[in-house]
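A, B, C and D are the chain letters, set down in written order, and residue numbers restart from 1 in every chain.
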Amino acid sequence: MDKKKVPYSLNSKKVADATREWLHKRGVNITEIAELVMLLQKKYYPNLTMEECMENVEKVLMKREVQNAVLTGIQLDILAEQGALLPPLQDMIENDEGLYGVDEILAFSIVNVYGSIGFTNYGYVDKLKPGVLERLNDKSLGPIHTFLDDIVGAIAASASSRIAHRKQAEREQELGEESAPDTTR
Amino acid sequence: MDKKKVPYSLNSKKVADATREWLHKRGVNITEIAELVMLLQKKYYPNLTMEECMENVEKVLMKREVQNAVLTGIQLDILAEQGALLPPLQDMIENDEGLYGVDEILAFSIVNVYGSIGFTNYGYVDKLKPGVLERLNDKSLGPIHTFLDDIVGAIAASASSRIAHRKQAEREQELGEESAPDTTR
Amino acid sequence: MDKKKVPYSLNSKKVADATREWLHKRGVNITEIAELVMLLQKKYYPNLTMEECMENVEKVLMKREVQNAVLTGIQLDILAEQGALLPPLQDMIENDEGLYGVDEILAFSIVNVYGSIGFTNYGYVDKLKPGVLERLNDKSLGPIHTFLDDIVGAIAASASSRIAHRKQAEREQELGEESAPDTTR
Amino acid sequence: MDKKKVPYSLNSKKVADATREWLHKRGVNITEIAELVMLLQKKYYPNLTMEECMENVEKVLMKREVQNAVLTGIQLDILAEQGALLPPLQDMIENDEGLYGVDEILAFSIVNVYGSIGFTNYGYVDKLKPGVLERLNDKSLGPIHTFLDDIVGAIAASASSRIAHRKQAEREQELGEESAPDTTR
């Protein structure tokens, strides 16, 4: 009866903590993602620091939508490694099948939260696979990262969008303009 | 070596067959989805037949993106039923957590293939849960259909979009107009 | 030269102010949008107040992506009213053509910022056209609101998502749980 | 009265023809888009011909969603050139403002029709701006192509996705496999 009044809902800290923990267990650290951000943004903001990049990655990881995508994607990677999926899904994820696009869809659900200005950055790093993405995408190394490589690229693209919004706010402040910045994200 | 020249790629018939088989095993038949389509479209096309609705559902199920979403969603439902997911993802999917939106994301990857005119129909059936969706969404029945109910609604919305494009082509033909219909989907 | 160092970028307050002003000029006020939010959410949060609904609509309107969609959509509505678009685009927007879905696409760019949990609410109000949406959608009244009705529905759906995230944070606080709420939006 | 029974709907050939005509008037030809496709795909299909690339671009342009995005985007570019938009929208489109992402949103509505496997290709060409995209993106040349450059990149990415689906079908045919290819698009 009381159960009806207090419906199930997951504690937000557990979801946030699991996200950090799973990324770590799958071998991805915040610094590596921040390096992708730096690669994408240093051209536009020469004074951008690694500290800022890391801080923005951290903030992206606080979004519930991002956490949902990270947990779901890593779970499917792990199950594929264990051979625990039903064929033909097992085959598609295990082999990072070209015509299977659910990994890109999860990645996009991350980018979308920070608006369309991140689309281009996502596609760019996903194609070139710099830094950590090269390692995640190396099929000879054993672990299956069909979802994770796209997800990490999406986190970096989202952090880049976040920086673009904040740098605009800073610029307006320097110019002494009245401002209504969109920095509540 | 030869393996390099003939890269892995999954036979399309296996993916298509598995999609049909999994829907059937999870208790969803084409007729029920067609009934949702009829519900959505009979107001606009009074002469629409159940046969047409079923044919359009069948065509939607031939799309690779649709098959990918169906297989991935049902797989996650099954694993949640078995308690085989890691917490807190297990808890979120098992309880159809309100702030977990990956089910809607997979559903939307289906609708998107048929264009934005399906967005509204998807949201409408997903909110009202008519027909088969009521059964899929009934948490007291045992099976977990966190993903499947959204996916079935998305298939019905997509078939509705497909019908809208085809009816326009028919209308132009009746009017004897020169035509360039978008019916290759 | 200096121009290179201070590239063009629009003052955020001007964009925010124009958004509010254009909505007002097109006859939409915040209270009406808040009423849609109340309609969508009172079932889940019986204690929800109109004040909270209005506050959440205000916050949604502070997002740059939302402002971009509002301004672009209203501009196209106005130009269609003036007959200033080239055929056949003029005809499609003037008549709210069923196979023209760019209005839904702009609406969705708003909903996306608040995650996939808003998809269903958007589709629902867009189909049923309650309250202000009925007036905006009434083709007999003169003004063209092909874009605006979808956009207003999307703002209401986004405010509903925002509320869902915040109510979860409140619930955790009441339970005295450790918390990591996603309320920075 | 009869008007009620035969509701307005735009002749599909007029929409298709206007799309081709507007692209031509804005200085974009099919061959240039096909060259982007070749650039994106020759690595995967060494025997791909320019004829195939052009044919696939033509097929993408037959989709109603693509036509809607092309017409809407080009219309906004033209109005911005004429200074006919209201500030601050005029300023944002005229200057291809970094935080204005409606151009990317329209581009994405094109890519989505061909599924998520096109996301990466879109982002890649949109970042590198090869071939025709360099010219469209050159702000010193006079015409405003804030929307058109993203749209052309999206058409090329979509044609690339279409090719990927068809090449898989060809491969299965060569292997003498039973097949259920997704080539009805």
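FYI, contacts are C-beta pairs under 8 Å (C-beta built on N, C-alpha and C of every residue); 3 or more make two chains touch, one makes a residue touch a chain.
If you're wondering where the values come from, they're calculated on a predicted model, not measured in any experiment.
**Q** Per the definition at the top, count C-beta pairs in contact and tell me whether A-C or C-D has more.
**A** Most contacts of the two pairs: C-D.
**Q** Comparing each of C-D, A-D or B-D with A-B, which pair has over half of its contact pairs in common by residue number?
**A** Having compared contact pairs by residue number, the answer is C-D.
**Q** Cα centroid separation between chain A and chain C, in whole Å?
**A** The computed centroid separation for chain A versus chain C comes out at 26 Å.
**Q** Averaging over Cα atoms per chain, report the distance between chain C and chain D in Å.
**A** Their C-alpha centroids are separated by 27 Å.
**Q** Provide the list of chain B residues touching at least two other chains, using ranges where the numbers run on.
**A** Counting only residues that touch two or more other chains, chain B contributes 9, 11, 15, 64-65, 98-99, 101-102, 105, 109, 115-116, 165, 168.
**Q** What residues on chain B touch chain C, complex-wise?
**A** Touching chain C: residues 98-99, 101-102, 104-105, 107-108, 115-117, 119-124, 126-128, 164-165, 168 of chain B.
**Q** Considering only the defined contacts, which chain A positions touch chain B in the complex?
**A** 8-11, 14-15, 18, 22, 64-65, 68-69, 71-72, 75-76, 78-79, 84-89, 91-92, 95, 97-102, 105-106, 109
**Q** Touching chain A in the complex: which residues of chain C?
**A** By the definition above, chain C touches chain A via 6, 9, 11-13, 15-17, 59, 62-65, 109, 112-113, 115-116, 165, 168-169, 171-172, 177-182, 184-185.
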